[in-house]
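There are two complexes below, and they share chain A, which is joined by chain B in the first and by chain C in the second.
This part shows the complex of A and B:
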């Protein structure tokens, strides 16, 4: 026996078989217990339930959804809501983060102090507390009749924020925005890709403006084609009886979540931005100054591009974290992917299948986001060691 | 120091002009920043101190007559926020237990105690003291069931037990992942990466709700302990990667030299690899502790009565419904005190180690 144990090859194989086998046995055992439990409850496992109708409604949905729609559709609603919230949260957090991060690296100590107060206040308090706080603030806005009017046609009330909108079908709104974003993507591609490196700067600028105009025109055309019959194109919210009619209502839950994710995420991104600017070697800046570049040129041609490259890998992690943070929607009742899955579990009892779908959904989001950001990171990465001072 | 010397040399006005009004944009930035700072400072000061009501002697009515903060709600409900549903006469135990944990944290920040043995003794001893103080049943202290725990001490309990279970687990994970046996390292990598790519909330939810489905009844245990296990698994998946990073920073020659001397695997890991790995992974580890402490608050969604939930209860019902800002501020300050001091300590360590490396 001892002789056998001392045989290195045999021992290694035995260890690996035991480890992997133990894991597989654990999973199999769980599956068996689960099957026994489900049989007791009379639940048939499998994915057939996805095509049954749900019988309940969701509070917020980007696509049309009624109580008689099947489960796969409610899961899609939740998934889209998560993506929607994540997109808003990420963009706002990045804007706040860049502004505060710039203040943190400013040469003016008053601005630095302001940035430090912001970061330390919001980074050291759990996100969920901030979600509860903003939700409490927004639900305590006055009712629709006494709503706070920001500008003409924009109202803050306890039922949500009302903003002017367009009377168009959901599909055309979606298509229009996708077309416009695609245009922006092409512009970024022209700016960054190797293929256009040799192009004359003036021609490049003209090309970018042309694409921007084309995308905007195309979006407007799609909106125009998709307008609802017999209504004005722009709808402005107006008080009718006890509530507002027209316009777009941004729900209180969505606002509270987006605001807290933006504020909390912004404080983290600000630190990443600061770290990125700190990583740019002093020699790079001094060299840029000594060849006679203006302050703006030093920033836009040297400091910012180098800092961006230092930030990208950490920023990727932070973005993925922020996407995962959207699950907090369940705390205040925003119908995000996680909340929709957990209601579905309660209603249908298909626990394991739904947990599997939940995990697959998040793996899909995370891997896609990581792959895209890593691709960008590789595309802009510098060869050599320009980041060192 | 430098600035007083500058003022002496150039005069105060010249220094101010150079630092804040060197150019038009700098002047605008200075004025806007100063105005914002003054506004924030004055608003907060006026709200929190000048116009605030501190005592609940006047009841909620006294608060409604002022624009300032209504600290009266804290004065009246602080026991509920801090101790939850813990029996009233036994609150001192809950408070003392929290102080024990604070002491334990402070002790483990002192470099003298940075050995595996000392840290383990401090944490296991501190945790045992905490547990028996809270649970009672010995030394004439009445038994208090886990269901009645709440408020700050429940938050602290979940955090400390997460760390206690998660830390050894993370070392095991890190060692398994860097194993030379391909299947062991691949499977561990798969487990770690799947846990890391899921939101903590879904893991807590799975452990609280789904685990009873897939485990036989005798293995399910109490919901609280299942949630702690889930949170420990999540902590371990992140911490394992931090430790693995630390291990990669240990020069290969160290392990090879130990092998050449014939030191066995266990001693090699314990005496040579881990101490050096932990040294370079220390700032990241503290950061992970900070994040874990903040994320403990998520258990409110699974239905635990931790400090955020008891805060919601403190203003949610009855006469204090208007005083939510004060309650949330109070809880935020408690979190801030813990998190800020820990992260400052982490930053200090990082600076100190930078100096050591240079």
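This part shows the complex of A and C:
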């Protein structure tokens, strides 16, 4: 007979019960305290405020928004702005990271030196300083009337970058982009999924190009269907009085944030890319060379696929970090999710509800991102445990 | 490109340096087509470096290397051309871990020889049968034992239908019970007339199939002879010492 406390299973069960019980008691206690405090302050908790109009405007919005629109709509504006900023920032950071990371692993001394300077400079300066720096740079550009013309219909001014846009409804723009991204997703799926492994390489390339073309065409069709009546399809920005009319204005705040996240994130991703390429065994590369593969084939069929497998788990982590870095928007007044929630708290006093919505929103974005990337990671993971290199 | 009686490999006055270290000294070596050569010597003697120069995994600094009539110089087309016709088997197998066994074998024929997937896989299956693991075709390298992986590596090299095969210590990383399954495959290739250069410490293999055994030490070819002469009557003092060390127990 074992003494009670020495029985392993009993002891584990008792610890579990104590742990769960303590956790439930803690949450319950916090809720009760909050409830009592809110009652004392006379705040009515609940989500009714979401349907009241805000009475204030936001500086940048992808969808129509006026001061008389309700709170749920301003939260949606902020959520979409965060997604938009994160999408631009992550894509640019990846592009920079791959270029700099490859430079750091190249055999060219100058490329390695430039890569090292880039990484050490931008990785070691706090992100918020970089945001302020780029914001200061972009607000020092000349005003609209002296704007720098980058190309026909593209202008750089202190109020932002003006580019040609389309006169289409917000919904069709959104749907068109979603369709195009879905097409890219299918292409990634074809590349990674087991069921397409045995397809002829040439056919696979043709299929991917076909899907890309179909997605682009479908996007164009959706844009065309959603065009605004009585306006030209393409709207080109033109100076009217003191400011530009037409086209799309990419605000100075958005530009500064996207550039900061791209440059700062790029320095981290560069190190991940470098590590990934370093992790590829010399032997696999030599084997690929010895069967006669060209330099590009060695890279695209062996070196890059193996490096990507080493990068994926760390890259997922980095992307999630960068999505959270979009909350820097509040420092320079970009209406991202965090900033609209903060203003809403000030204006409505519904602190707990709004913080709950903020947390749920970021949880939704990052959980989805992690789930997708982990799924890809699992699909391409190396199989077996007898590998040597 | 090559005449039937032309030598497969001609190396003349070849030198190789790693910075200040003189790794290979004035190597002269001619390998006839169909010849089977075993290269042995103490660790660090330059045996691996020598065969790695033959498919330009290592660059030589002076002298000439002509493989199947193509001179190895800075011309990428020449290097690629030689690699197409010269297969290599490595000590650590170096299979592509993200591809199945069949894909490992069919990759280069599809990309380099421009064969259809069907044709490349059919040929690959033939070579997997030759190394006696067709049943593993759909597995990944990490799911096979060392001996099986090395046999896949031989099938991968054969799938390009090379005229010359280089073996760089193919059994040194294997557990003892797996060495014979790899050696059996190499013996059958040798009997079929494949031109082979093997860096190996398997002296039994050398006695059985080699036309010529080459002994290297400190970057030089010290002695070369037919196996009976080489093992029975070694001329050089260093060869005698080496042989007494590896055969002495």
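As a working rule, the second predicted complex is superposed on the first by the 345 of 389 C-alpha atoms of A that agree within 3 Å, B and C clash if a C-alpha of one lies under 4 Å from a C-alpha of the other, contacts with A are read in each partner's own complex, and residues count from 1 in each chain.
Rule of thumb we're sticking to: a contact is a pair of C-beta atoms (placed from the backbone, for glycine too) under 8 Å apart; a residue touches a chain by one contact, two chains touch by 3 or more.
Owing to the predicted nature of the structure, the values given are computational and were not obtained by experimental measurement.
By the document's definition of touching, neither partner reaches A:56: not chain B, not chain C.
When the shared chain is aligned, chain B comes close enough to touch A:124, but chain C does not. Judged by the number of chain A residues each one touches, B leads among chain B and chain C. Shared-chain residue A:201: touches chain C; no touch with chain B. Of the two partner chains, chain C is the only one touched by A:288; chain B is not. In the superposition on chain A, no contact is made by A:47 with either chain B or chain C. Of the two partner chains placed around the shared chain by superposition, chain C is the only one that A:305 touches, whereas chain B remains out of contact. After overlaying the two complexes on the shared chain, residue contacts for A:224 are found with neither chain B nor chain C. Chain A residues in contact with chain B (one complex) as well as with chain C (other complex) do not exist.
Contact residues of chain A toward chain B in the complex are 12, 15-16, 19-20, 23, 30-31, 33-34, 37-38, 103, 106-111, 113-114, 117, 120-121, 124-129, 132-133, 136-137, 140, 320, 324-325, 327-328, 330-331, 338, 342, 345, 351-352, 355, 358-359, 362-363, 366-367.
Interface residues of chain A facing chain C in the complex, by the touch rule stated above, are 197-201, 281, 283-284, 286-295, 297, 301-302, 305-306, 309, 380, 382-389.
Taken in their complex, chain C has these residues touching chain A: 55, 57, 76, 80, 83-84, 86-88, 90, 92-98, 100, 103, 107-108, 110-112, 116-117, 139-146, 149, 153, 156-157, 160, 173.
Per the touch definition, chain B reaches chain A in the complex via residues 19-20, 26, 29-30, 33-34, 36-37, 40, 176, 181-184, 187, 191, 194, 197-202, 205-206, 209-210, 213-216, 294-295, 297-298, 300-301, 308, 312, 324-325, 328, 331-332, 335-336, 339-340, 343.
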